[in-house]
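The two complexes that follow have chain A in common; it is paired with chain B in the first and with chain C in the second.
== the complex of A and B ==
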């Protein structure tokens, strides 16, 4: 049995790693829960954002927050553009999965074309910076990602809860026809939400570039874990996605410390399976 | 020669020709390429047996493929079992794994669609983690290079080619058999509306389990062969996202609801991936395949094979109709159109002659029997929907069940038909206890129902909808007889001319009557009519009342839930009034309607303002 300090350290790094999961899960959860679109291309967009951050930083020496200021609005427009296609062809929940898978493969090929399959690492002075709290080390970048995820999750929650557009989106997710009969312009709001979802992929991408090593195939690495986070958090529930991200991150990290790193996926997926089988009505 | 015999002979000849190919001395490169084609044909076809036909989209095909792969690897490399002997074990392990998963998962009603997909994907990752961390693999991967390969033909590539070809032929013929059997018909019904399928008599749980096990078993063998083909097995490659995603793409591209669709999709995708090999070109090829996939899904959502077949049929029909116009004087009738993507078990058969009139006047399956509900209780959470309801309907009797909305009428129908289990009490049909049995058994014993809001199977024509009930209901005929029977019931309800129409082409009145025809086709002893008259105009109501009288004349016990008092008074032998889950009055229509409590419930009580 590892020491208390080690367990504490595992817990802290796990929760912080969970912030990144939550960041990726946010956009996915929104489009799935409120637009009934399962967007596999979300992962590809996030990775594209990461590569763009890397490229802008590496070739043009732009600071990551400057890159983010370019990438995030750009992705907002991309997301709206994607929704033009979805709306034009009346893509359903299931076909969205297949179409966005195709899109993800195209983006993966594109990334590999420009940046090759070699690993890329965006070296920054903050990469290894950490703050010492008692016996524990708290990495700065991960904390920042975590904080961003929390801010976005709470902001999105408030937006959905208190603004007209947010309420209209939730009403349309329940029943688009009835919401339409009450004057909700679902189509226009859907464009906004799709844009926001893609913009969140951009935010996640910036942090991925700063925190992890990049390879085109990483698109598929995130898939399983982030889907688990989305489902556990509840579709269309930003705060749920945040908490689920922390839960999955912490459980993975503690498993790695207690057992072996290779056992980590077992925990998150067992949680997902158990939840689906025992409490399917929650999803 | 009939179309079916032609198909069988053609398929045999093609398989034989392909089987002889290695003897010609094909370059190894082509044999390996063809191995991959047939490998994917087998995998994609096996996937569609559950996921395409029944609509349970699984992203866990990699788990069964991987289970087969590691079974063969462990047995052959670890224990020296001969390679070919490991293949049946690989099939069994994969089938058992799927049956175990299905036995748990298929009991949970919400686990359909994308949730089932994610669940199976998660199971794949769990399985991969277990294999990675145990002696099955342990991390570094396993070599099979020391395992002797039996030589079916001179070259090893030829041997692999033959194995994959054999499995592909097996998979496609299994798919053909399934789509042309009761199992396939039931799976197609599950795809459209599982609850209704169960109530119409389809043993949904057993069918899903059987389809899942068959599907996984074939994938297991494919995995076993592939383990030997790659000769170095790793967890990363085996359980990657490739297998589950490719089988979905291939099936959807070719047409997941058609027995040949996945095979065509697999051949198209494998060939186009192979056309671009090496470096940047492979990258381009993959992107191109993905792009084609997007275009096909957006433009041909039902898949290539049904789209092509549909176009071909329409053209043939057009020619045929032109011909029949000329011979119209000679009394030719156009054949009802067949709909692409419709279940082949029904659509594939030639339309049988209309049944002779007297068949309809036979009594229902088995001897007439009455329905008896004794002290039935049912609660949903804190809401007590039924509080000790007792009522009986004798053979040839019409008992009306009336009461305000929310009084428990539809709940009672759902309890009798077995859709809900009851908390206390008993439901009996003659001497047989119905309560506690699954809904499909209750349907088989002779209980059928209609839905207040019609719930036809969306991809079935009117005729196929009724034929399904005739196949699985108490009458329980072979699909061909069922079709003749169904035609009779469509005539009976006045829908004879609409036999080939899909439900969305019918108006409300026709859909309501389709519900009725479907309920009758099972040859029920008890029929539960849930507001069949609501939404109909006076003329339609009059014809419906006439039909219900005729049904009663055959000795069927009718429980008639209705708000329309005119019809209740006109038809019923007895009336039972339900309020808040309790029977508050029962007896002849006139006396019940005058009972003070009934008047209170319907018209409201004169309250004194305090």
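== the complex of A and C ==
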């Protein structure tokens, strides 16, 4: 029987891991839900962001938040640029899978070409820092990633809920033609959203650089779990993605604490399958 | 007469010089290249380590061609990317043999890929030298030859070597936590460690298997901390060990002693948590390993090449040495038999001991395996040094207590 401390620690670890899942899921959820583009290149962008953070820190000794201040706006522009391509070639929901898969492979090759396939680690003094809360230890970097995910999720929710652009995007996602008839310039707003999605990949990348060791193939490590988070959270629903991240992270972590760790993915994907069976309209 | 004698003396000198030059100069290889086909995981999760095998192979082939090649012919390495996927490795070896019609093949990186390629080699009866296979009991093909010198039972011999090393210290561990990747060779040897530990009277309060590619190490670290072991055996591949140590550090916990089965050597040696980490090796860059003439020549060349390729950790250890040994075995067999016939080569390798960078290898034991040449190494003062058996220890090194 696992101790209460072990269970509590596993829960903390899982929720914080879920925060990182949510951070990665946010941009994907927005582009899939509101632009109907399943952007697999999102994972490659996040890893590129991580490598850039590493490079700027390693070669130019820039603090990660300074790197983020460079990477995030840059990725916003890249995201808009990508949408120019998607719009030009009328990429649909299904074809976006193929196109962005190709883009992800190209980005992976570029990363490998520049940084080699060997591991890269951005060593920082805070990599192993934790705060003690009673018998539990709360890792600082993961907490910061989780806090950032929560802030971005709530901020994006508010933006979509209360601003004209947000409402217009949601309306266009429901029915672009009718929204257009009411004067919504869907195309222009889509560029902004695409930029925001890519910028969120940049934010996630900064945290990945601080928390993980980098290798080009890591692009695909997050794919399954982040897709599960996006679908469980509901497409285009930032708060849903955040909560789903917590749910998946916590369920995996607690499973690892009480049972064979290899069962962890089984639990999270069982949740996904159960949800798809009960509520198939989520996708 | 005098003139004649002078001429004879002068001619003799010229003839001597010509002969001496001819003997010392090596003819450049000429003719159709000998094509050696193989795959490596140039991309995918095994990519970081496979990169070292690529650099080692490229360097070896380049050195061969700077000399007399093989049988006086240049050597061409037809290298394909199996993307860390065994099923792709299998298809690519099929292609190398049937479409590219390579003369010889050399193994891919890591157990699962090698096992997949071995089936193809067997079907086409190709001699199959490989360098990183961790489950000898599955290697049934009579013409396979492994330079990962695990011996026929690494699940027994490697844990025995490790526990022997620990037992020789002032405070040997009494409890062992074992956590291992489900990657086949890591799981196989780590389960062997559990059995050996229990046979030796050690308690194993925790034995866990995790998926290859695990992301969240927090819960695993919490379980190890909860078990309070004296010694942690991590059946680690690549960076698993680093991530596990980091996760434990975040819980304000450092295991008294920790062992890593197949770690990426660079990141662990530079990691702040990697101090006194233990692992196993067949080669490190210090005596007595560097006394090998092949090592003295090849190591500086490899380090130069690795640095040029922007590889952060350029030192040679098990992976690179095993790779070089595989090329050395193939070269020795072709040179000795003056043949490219797979069966002739296989017979020669089976019957002879081959002098390689990791020592003399033999292939006449069960499943063509010879001796287990693995030694225990430890991170000390920011570098790996062999600490056990004592006769292979770096000068002045011994296994440091926690």
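The criterion applied here is as follows: the second predicted complex is superposed on the first by the 281 of 283 C-alpha atoms of A that agree within 3 Å, B and C clash if a C-alpha of one lies under 4 Å from a C-alpha of the other, contacts with A are read in each partner's own complex, and residues count from 1 in each chain.
The criterion applied here is as follows: a residue touches a chain if its C-beta (ideal position, glycine included) is under 8 Å from a C-beta of that chain, and two chains touch if they have at least 3 such contacts.
Predicted, not measured: the structure shown is a model, and the values here were computed from it.
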Clash-or-fit label for the pair chain B, chain C on chain A: clash
Partner chain in contact with A:89 - chain B first, chain C second, else both or neither: first
Partner chain(s) touched by A:112 [first = chain B, second = chain C, both, neither]: both
First (chain B), second (chain C), both or neither touched by A:38: first
Contacts of A:157 with chain B and chain C, given as first, second, both or neither: neither
Touching partner for A:265 - first (chain B), second (chain C), both, neither: both
Partner chain(s) touched by A:254 [first = chain B, second = chain C, both, neither]: second
First, second, both or neither for A:281, with chain B first and chain C second: first
Which superposed partner A:120 touches (first chain B, second chain C, both, neither): second
Stretch in clash, chain C with chain B, out of 98-106, 224-232, 278-286 or 314-322: 98-106
Overlap of the chain B and chain C footprints on chain A, listed as residue numbers: 108-109, 112, 260, 262, 265
In the complex with chain A, residue positions of chain C that touch it: 42-45, 47-48, 50-51, 84, 182, 208-211, 213-216, 218-223, 226, 238-239, 242-243, 246-247, 249-252, 264, 266-267, 270-273, 309-313
Residues of chain B touching chain A in the complex: 57, 104-105, 108-111, 113-115, 117-119, 121-123, 125-126, 128-130, 132-133, 139, 240-241, 245, 248-249, 252, 280, 283-284, 286-287, 289-291, 293-294, 297-298, 301
Chain A residues within the chain C interface of the complex: 2-3, 5-6, 9-10, 12-14, 16-17, 108-109, 112, 115-121, 123, 127-130, 132, 137, 139, 212-213, 215-217, 221-222, 225, 249, 252-254, 256-257, 260-262, 264-265
Interface residues, chain A side, partner chain B - complex: 38, 85, 89, 91, 93-95, 97-99, 101-106, 108-110, 112-113, 220, 223-224, 227-228, 231, 260, 262-263, 265-266, 269-270, 272-273, 276-277, 280-281, 283
